[in-house]
Amino acid sequence: MKSRGYTVIGLCLTALMLFPVYWMLNVSLTPQQDMRKDPPDLLPLHPTFEGYRAVLDDQLPYLGTSLLIGIGTVALTLLIAAPAGYALARLRPRGGGALELALLIAQMIPGIVMAMGFYGIFLDLSLLNSWWGLIVADSTIAVPFGVMIFTAFMSGIPGELLSAARIDGAGTWRTFRSVVLPLSRNAIVTVSLFGFLWAWSDFVFANTLDGGGSWKPITLGIYKYIGNNNQEWNAIMATAVVASVPAAVLLVLAQRYVAAGVTAGAVKD
Amino acid sequence: MTVARVDRPRRAPAAAARASGSGARSLRRRRRLTALAFLTPLLAYLAAFYVYPLYRNLDLSLRDYTVRSFVAGDAPFSGWDNFRTVLDDPTFGPAMRHTMVFTFVSIAFQYVIGLALAVFFNRHFRLSTVLRALFLIPWLLPLIVSASTWSWMFNSESGVVNYFLHFFGVAPVGWLTAPDWALVSVIIANIWIGIPFNLVILYSGLQNIPGELYEAAALDGAGAWQQFRRITFPLLRPVSAITLLLGLVYTLKVFDLIWIMTKGGPGDASSTLATWSYQLGFGTLLPRFGPGAAVGNILILIALVFGLLHIRVQRRQEA
Amino acid sequence: MKPTRRTLMAVATATLLPLTACGGGSGSSGSSSSAGGTYTFWDPYPQFDASSDWGRRVTACGSAAGAKLKRTSYDTTDLGNKALLAAQQGNAPDVMLVDNPVVSTLVEAGILNKTGDLGLDTSSIQQNIIGAGTIDGASYGVPIGANTLALYYNKKVLSAAGVDPASVKDWVSLTAALKKVKAAGKKGITFSAINTEEGSFQFLPWFWGAGGDLTKLDSAKGVAALSLWKQWVDAGYAPKDVLQNTQTTSWQEFATGDYAFGENGTWQLGNADKAGFPYGVVNIPGQNGGSAPVPTGGEFVTVPVQKDSSRYDVSKKIVGCLTSSTNLLATDTTLMYVAPTAAVQTEQVAKNAELKPWVAAVAAARGRTSGGLGTKYPTISQPLWTAVQAALSGGKSPQDALAAAQSSAQKG
């Protein structure tokens, strides 16, 4: 009885929260000429699938690129952040505190400041308009976060496990690889998911560094519809709907681990 | 490995004893080298991809760059001139104020709403898992899309928000076109985007609070509010701290959302340091790199202050 | 008659082009293949991909010049900054198409070659169009076409409200017309007053139409122009969301069929035919009658400075090809621009009579950076659009807003 009450409230809250998402769907189905109708149509009574047709015609390669960039970003981030997190958490290097502060600040630097710096570097190294250049850039959002999460998580691993491995003759690297990493699954999933989502939704880097490439991510695909002389809202929103699907699947799959990963550090003491 | 885990309690002290023995110094040195080896990728990465952009930004803000000297690379050193220009600009005061209001109001609401929802979903009613998952959807949308959707919903002529308000007899509000409402509108959109993140973290924090505590409190006759105040909130403090910190980190630098919705307008009614920096550097036909970079550096400085503050608070908590 | 002449032109250029391409010297066919290689080309038309008419034309001009052209499209607003950054790294593109007010900024940065030094002939181009790319008497680019602003009107809405479009001659009669339209239950006028360059571009016809001077923003004339807009917004003749409107969204509002007038550009003619209601075009009236001076829009083909000056030969041929009469005609037809030369304009009007008022409007238009303003224009334009926003949103009175703008423009 009481539980049903909660469900009803929960449904109402969810409806309220998701209204903008519904609106996005609604707009994606609205024909161009009804777009500025006053009052707006609350239901897509005369749906058009033009937007979706446009997406399927033009946007699939962009989706592929975004997927590639997302996965690449995750791989690079894990490669750099996991060992660093381990070192900071367990090996107590000199200057570790300062490094942690630097990483914290690094996360606060506005993307556009970074983007401009990158533009210069990329131009010199002729990395502009390449998908792997964008992977490097996108990973800068995720690496400091990843190191923070890994540090917090790995400090929580019982010390006895590590010394036991050492006594069995495992070097630091072996310990890291075969004890610490498997235990850090939650943190790995969390960092991967965040890294992927950031790379997936990044616009500033993509626009600055990959504006003219032939491998463009989906955010630029959307931007194409917000061009100089036209704004095709149904195509924009249709792209957004399509673009959210892989992310949604991923989040549902990973949700369980994420919670554990993020909070491990916070609740360590 | 399983074996190792089984013997762990017996052998661990022995290892510690050995480490403090004769070879301690060389062991420590080796350990430091190992640590360095593990950190090398990160350090190289930071040097390549953080230090250089930051150095360039600092350089831009300390020299008198015109478009000509920007290309030629011979801009004269001008010390704090760019900073002085920026601080004297009539836009500085409002931009600073908007940045603070935007950041703190957003964080406060995101946190409170996120916490309320986390407590609510912690009740485990029917469908709670599904609904909680649905709450995360806003997080998945590319920012450019959610910002566009909100600006569409807030449109003063045919936006759906004004349409709903008219049922309650409210006259149309110029959400994005009235100076008093523009900042409110972008804050609302930003809160909406931030709720899922707060919900996820705080919810998982709640999961780690042992249920027996609540049972004991209920036996003592504590009501729901009492339980929240005496158990949930204090035990959630470390999680709250990291949530708020990450919230701060990501809110301070929000740029795309505001730029897409209002471009800092009308006038400069919703311009923050981040949008102003962009406006100076890239928003006009004649870029003013120096002042733009100076504003960016002020933003980094603010971040630094908050970072130090966080570390101090953390130290005090640990002590 | 018409097709014959076009065919003739095409044949003529087809035979002429290879000639000019080989004109560099006796051994040039050999050297052009070795010097050929890849040339970079930037333009602000991301809406056209490689298979579009424009994309194919660019490729064709590259191969006609004996080079492989690598074309990259950027957003208009990004292009100028990207060019500066690229030039800083010594990596500027060989040929670049930029929005006309950006030319003076790039010249100030010292990264563009004079057309005279390259030996490009610009004598047939209308003076006021090339004016935006002329600094201290030297031109730095060849306009590919020009566009400007006028008032589109919806014939249905006007006749329902009992307004004769011919009666709109000055500000008073225009405002009276808007009043009638509103009384008839329709919406008056839409324009773009966004806080970007577009906002200034759209405000200038009114500002200049009152006799305003960009070096004295807060003169009574400037205040009169801003008060006119404010009066429209306050009275509900123009919607509040003009503050957010780009020229594109402003067009979409007009295309709903609810609005009597829409201030917009030549480039919307194609969309106007699709809008589904009868429309007409009138010039933007000046305060006391006559046509207001309007700003020119449109892009210039420029040749950025290169370390290796031997590349200019090919670049020059590419520019020559893109701005040849046939290609201008084709390009300006695609973009719905008015051609920069009288000869091509005549052809355009012969093909499409609707362009006639636009050709007249372009002839009377001014470059934003003309008249010696150059790179001072951007430092004036930004305070100007801020002032427009502040006044229309009710934050400041037109007088105060423009006074603040003037003081900030003076600081530079």
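Order of writing sets the labels: A, B and C. Residues in every chain begin at 1.
In the analysis below, a contact is a pair of C-beta atoms (placed from the backbone, for glycine too) under 8 Å apart; a residue touches a chain by one contact, two chains touch by 3 or more.
This is a predicted model, so every value here is computed, not measured.
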Taking each chain's centre as the mean of its CA atoms, which one is farthest from the centre of chain B? C
Pick the pair with more C-beta contacts: B-C or A-B? A-B
If you average the CA atoms of chain B and of chain C, how far apart do the two points sit, in angstrom? 41
The distance between the C-alpha centres of chain A and chain B, rounded to whole Å, is 14
Multi-chain contacts in chain A: which residues touch at least two other chains? 36-38, 116, 120, 223
Multi-chain contacts in chain B: which residues touch at least two other chains? 157, 282
Which chain C residues touch at least two other chains? 78, 88, 253
Seen from chain B, its contact residues with chain C in the complex are 66-68, 70-73, 90, 151, 155-157, 174, 176-179, 262-269, 282-287
Can you name the residues of chain C that touch chain A in the complex? 42, 44-47, 72-76, 78, 82, 85-86, 88-89, 91, 246, 248-249, 252-253, 255-256, 258, 267-268, 271, 276
Write out the stretch or stretches of chain A touching chain C in their complex. 33, 35-38, 116, 119-120, 123-124, 129, 207-208, 211-212, 223-224, 227-231
Within their complex, state which residues of chain B touch chain A. 1, 3-5, 7-9, 11-12, 14-16, 31-32, 34-36, 38-39, 41-42, 45-46, 48-50, 52-54, 56-57, 117, 120-121, 123, 125-128, 131, 133-146, 148-150, 152-153, 157-160, 163, 192, 195, 200-201, 203-205, 207-208, 238-239, 241-243, 245, 248-250, 252-253, 255-256, 274, 277-278, 281-282, 293, 296, 299-300, 303-304, 306-308, 310-311, 318
Contact footprint of chain B on chain C as seen in their complex: 77-78, 80-81, 84, 87-88, 101-102, 105-106, 108-111, 194-197, 239-241, 243-244, 253, 375, 377-379, 381-382, 386, 389-390, 392-396, 401, 404, 408
